[in-house]
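Report on the following structure.
Chain lettering (A, B, C, D, E and F) follows the sequence in which the chains are written, and residue indices restart at 1 in each chain.
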Amino acid sequence: MPIVQISMIQGRTPEMKEKLIKKVTDAIVEALQISADKVRIILNEVPKENIGYGGVPLSKMDS
Amino acid sequence: MPIVQISMIQGRTPEMKEKLIKKVTDAIVEALQISADKVRIILNEVPKENIGYGGVPLSKMDS
Amino acid sequence: MPIVQISMIQGRTPEMKEKLIKKVTDAIVEALQISADKVRIILNEVPKENIGYGGVPLSKMDS
Amino acid sequence: MPIVQISMIQGRTPEMKEKLIKKVTDAIVEALQISADKVRIILNEVPKENIGYGGVPLSKMDS
Amino acid sequence: MPIVQISMIQGRTPEMKEKLIKKVTDAIVEALQISADKVRIILNEVPKENIGYGGVPLSKMDS
Amino acid sequence: MPIVQISMIQGRTPEMKEKLIKKVTDAIVEALQISADKVRIILNEVPKENIGYGGVPLSKMDS
């Protein structure tokens, strides 16, 4: 613990995801005063057609 | 808020998923008396072999 | 399946939650053409201080 | 109910996943004294680059 | 990893929850051939009025 | 999007939780190059007896 799940739009590069994991872990370590090795993160990449905003798929909002 | 996650069997068409997002958003708007733009929906499509019912994968119940 | 989790601000009445469960189930039944008894819903009620919008707890945005 | 979600590294064989569903269901049935048909399991397979341990993607810890 | 979340009806005793954690961990260890210290479990206890089955809160199905 | 859920041991002060929300949001903004108002965070506080590590509730590991 803590266990973090981040749902986000599919398609970031491995480099961006690595940076995200590093920075979010650092943020939690600083805010909660725990050691980094306690932090688990799972990135959940979601295609735009599976995300709804105000009743509309995100894939339809781009067009 | 609200944030809705719907886990369901993989393979619905984009049209069905769009309809699902629309109808579930409308239902929440009506029940909670909030505006539609506050509702976020994530569809989590799961392959049948990753779903267990009564100890058996759904992929084995179809055969 | 489907399994639905709805995270929302804590404090709705039992009547509102009952209406929410009914309406969201109906919406899924209509959109996916499945029977209602397949739909499971979990309401996750979250206190405002545990919800962040743009970096600020919702409890601070009301004041 | 109960509804179980298991997030794990992507890539187990269908046979291992079937065994996992069977054994976890049996464990819950025995511990909670309920019937197996009440147990729903969802396996969430996650690629290594989407899992963070101590601020580092699991894909980088293998190399 | 693996990370397991079990959503269940609120109100089991600490002894039942301890047994559940033990047995589910053992099941995963055996099925996936990993060591027990890799398994994280979170129990999510849900009040009956927040659980919907077929469009009806579980709290209403008991009466 | 992104939507972040952080499961952690119950009992942090409102000030710590506010700091956590702020710092994690900042980290995501920086890593993904998005605006802060797109980030939603939900803190899920879990009692120690509902957390399992290696088959044992966290409440038993403290004693």
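A few points about this structure:
Criterion: a contact is a pair of C-beta atoms (placed from the backbone, for glycine too) under 8 Å apart; a residue touches a chain by one contact, two chains touch by 3 or more.
In this text, all values refer to a predicted model and were calculated from it rather than measured experimentally.
Centroid distances from chain D, each centroid being the mean of CA atoms, peak for C.
When the contact pairs of E-F are matched by residue number against A-E, B-F or A-B, over half are shared only with A-B. Across B-F and A-F, the chain pair carrying more C-beta contacts is A-F. Separating the centre of chain B from that of chain E, both taken as means of CA atoms, is a distance of 21 Å. Between the Cα centres of chain D and chain E there is a gap of 13 Å. Touching two or more other chains at once are residues 1, 3-5, 7, 22, 24, 26, 40, 42, 46, 51 of chain D.
The chain pairs satisfying the stated touch condition come to A-B, A-D, A-E, A-F, B-C, B-D, B-F, C-D, C-E, C-F, D-E, E-F.
Listing the residues of chain B that touch chain A in their complex gives 4-5, 14, 17-18, 21-22, 24-26, 29, 36-45. Across the interface of their complex, chain D is touched by residues 7, 46, 49-57, 59-60 of chain B.
Residues of chain E touching chain D in their complex: 1-9, 12, 16, 19-20, 22-24, 26-28, 30-32, 46, 51, 58. Against chain B, in their complex, chain F makes its touches with residues 1, 3, 40, 42.
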